[in-house]
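Structure first, commentary second.
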């Protein structure tokens, strides 16, 4: 889990008895490569089935922005964000797909999933 | 359920013995954010398997327009519209996917589903 | 079933022992709204697994054109065309998806299916 | 000119000696048809060469939102907005293209232009 | 000029002193081929600079629909519609581009233009 | 000029006094490479301003098909078809753009133009 | 099976123990309609899981070209090509989807499948 | 001009006698809004005709990255970057089009141009 | 396995207990046809679920480049690269889809898969 | 001019009296960066008006391939290829646009032109 997880705010899900899905696409994610110090850019797609809590969108935006000057690998960012969000929302199910922009003719997408029974 | 549900009119399904599907895309939905008072825009896709009743399209349009100056959250609108339509149509199955336009680099889609056995 | 079903001609399927699929997209369908008298436009996609008979394409075109000045609802057209084609072809399986052009910001697609065991 | 023109705020152009161009696409414009009372939706593209003043984007958003419940024809909206913006910004040149969503299979775009020498 | 030109209604242009442009895309045009009796489909794009009169959109729709069962060649339809609209609107300038759907692997677009000085 | 030019039929242009444009896209052109004997495929776009004569579309289709088994270079086909059509139609202006499908990672488009004063 | 099946050459699959898939898209297929004598155009997509043999691509191209002047129906071509390829390659599984270009506003795709146990 | 202009490195144009054009698209530009402190994202397209010097691409990347945590308005960034590049390269001609991502349903593109005679 | 497999470097997966997926698209692959000596071009998409090791992206790029002047068939390249990567990463699951550019109107995609239980 | 210019073969233009245009898109160009030794990829579009000679396509392909293992800068490649082709073809006019793939979020296109009077 990251130091930024306290930035995440939630509000009460008014339809907790119904299994439904919320998808949020954050198309302006940027962090810094820990090896080269160069910025990386990508798009994160968060899909989750809320239990008691929904994530407040503005707080999610600020949370995402806090990675702006952090040096961290693609594969780790995606796992860390999943852990932060699962810890804050305790969702029935959650999936994050992080598509990072092409570097040297190669583009990478990391997809991580959490379910209750995990 | 909303105050507008009485606007919904139905007509008789002439092929009630056959399970078939009707999809309606409403690309001009707008409501007002309850926090900021700013308008939100989105596209609602309603998919349902009719039982005895089909929704009359013009009445659906007027029903959708009645949210134009209402202050209500994304997640709640989608659930409320599902409840109104299920109550009016008593369909075999119904799904609503509400894709709201991007705000601050983040776009949200809420997907809610109803089935008979729910 | 419609009065036009006699327009449909068939030819013998030379590979009746093999289950295969034929998809026909009719992108120039037009009929008349029974309420307003205004023309409607849409695209019909017919998918079927032939048994002993295939539909002859030119006769299908003439059959489709015969709805040009008929007043009939979306939901009914799709079911009626399915019944006509099933009666003429006796296929193993058939599906019709009728996508009608947007009216007042709302577009509708009706999807109807037939199988042997129905 | 409209009653809403006082909503428009400007800031000083720091490069007045250079002829350059600013294009703003407002993809969420909505007003009401004066004939039918039904909402209309469209996208307005404003292109201008600033002289001493640039339009402040947030004030432009509020100005655009003020037409939300006004009954006014397409052709007139476009001309009225041009007049309001020309009066507020006194630009070297300005063009507005207003693309209104399709109604009954017909879509309309109105394009109005202003130049200094007009 | 066609027999249908009386269907065209106009309203007064409130900004006659300004040269501006109106573009109308009619994506649901259909007529009948005079040779084969088969329906043709196409999209007509009308662009004009209004003088004293604008065309009323609903009347234009009815005018367009009146060609539905008329047998007339592509090249002639486009010229006839230009003549009808020029006679009704007396515009500063008008252009019609009629794109007819592909037949036998060949698609045709006819473009006709009218200016004051013609 | 080719041996096939007699296949081209014309009809009288009923609006000879007006300069207008006809564009025909033939997306199913095929001929044979004179070097390798292998088939080539491409799309021909003919644009012309008719004088006294328009080309009859069905005859144009048959004319195009007659190159199906002819061995002829890209650059020459385009020039030859221009000459045949100019000789048959005596147009005010004509342009042919022939886009041939990619071979070995290379695609070629040949564009030839004719005007009265040439 | 067709007279052209001897044109198909194969090479040995060096990884016969692994189930993998080869997809070949032939975007330049043309044959002749047996009814009208007019050329038809389409795209064939062949997908197969090789057993002991792979098809040599150049020989497949020549095999496809041999239908260029043959008069044969869409539905039959697809089945015949499947039979030829299955006989030559003895694959674990094979599927052919043949999408033929639109004629008179109607486009047809025929999909045929072969498996070992068939 | 900005404090970052010393980051720009150049190399000698080996074809100074020929007027040619270099276009560079920087799709990962980000800076900070001076009003709200929130990050902005955009794409800058630089087009120039080199005289004696070309910009070295890696140094341009570092120069662009230096705006990452700077608070500066859209309109000003574009003019400042033009001034830095013109001062470093002394090009025959240069144009910068900066397209900033949508905020609140409004997207802005600023286009600035420099020529020798300016 | 190829001689280049030693170029592949790995780093430790910090989330080995979670099943997640990494997709890498290499859009600039080129090798040489062993028959004709001509270069081939394609795009490789590698998808894998890491166990203890992730592939280091820069080393993967160098590994891919080492095929630049090698003469090897499409079908074999894909299998060989799978074997090299499986041997280096020992992943839970891996799939490679290699889409090679069109030659003579024919494009080929080879898809190979590895799972633990294989 | 490069050492490879002798690879270019020409054939006689049979329509030298007519000004027409030939466009060739080479979508599989690759060379090596002289600084890093890494491969670069791009698409070259050559447009020319032939005088007495046309370039033979196969020889152009071999000429393009000869840069495969050469270390040369983007800006120089484009100018060098223009010089080689102008020297071989002596065209009326020629333009080359070389679009190189993105590196580090930046893509570059170099456009060079030659005319007779140059």
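By written order: A, B, C, D, E, F, G, H, I and J. Residues from 1 in each chain.
Here is the rule we go by: contacts are C-beta pairs under 8 Å (C-beta built on N, C-alpha and C of every residue); 3 or more make two chains touch, one makes a residue touch a chain.
Since we're looking at a predicted model, the values are computed, not measured.
S.K.: Hey, which pair has more contacts between C-betas, B-H or A-B?
M.R.: A-B
S.K.: How many angstrom lie between the CA centroids of chain G and chain J, rounded to a whole number?
M.R.: The computed centroid separation for chain G versus chain J comes out at 37 Å.
S.K.: Mind checking the centre-to-centre distance between chain A and chain F? Centres are C-alpha means, answer in whole Å.
M.R.: Whole-Å distance between the two chain centres: 56.
S.K.: Hey, how far is the Cα centre of chain C from the one of chain G, in Å?
M.R.: So the centre of chain C lies 28 Å away from the centre of chain G.
S.K.: Please report how many Å separate the Cα centroid of chain A from that of chain J, as a whole number.
M.R.: 46
S.K.: Going through chain E residue by residue, note those that touch at least 2 other chains and give them in order.
M.R.: Residues 27-28, 38, 41, 101-105.
S.K.: Judged by the touch rule stated earlier, which pairs of chains are there in contact?
M.R.: All touching pairs, sorted by chain label, are A-B, A-H, A-I, A-J, B-C, B-D, B-H, C-D, C-E, C-G, D-E, D-H, E-F, E-G, F-G, F-I, F-J, G-I, H-J, I-J.
S.K.: Provide the residue numbers of chain D that touch chain B in the complex, in ascending order.
M.R.: Going through chain D, the ones touching chain B are 27-28, 30, 38-39, 41, 65, 68-69, 101.
S.K.: In their shared complex, at which residues does chain J touch chain H?
M.R.: Residues 75-76, 78-79, 102-113, 118.
S.K.: Would you pull the chain D residues touching chain C in the complex into a rising list?
M.R.: Against chain C, the touching part of chain D is residues 38, 41, 101-105.
S.K.: For the complex, give me every residue of chain G touching chain I.
M.R.: 13-15, 18-28, 50, 54, 57-58, 60-61
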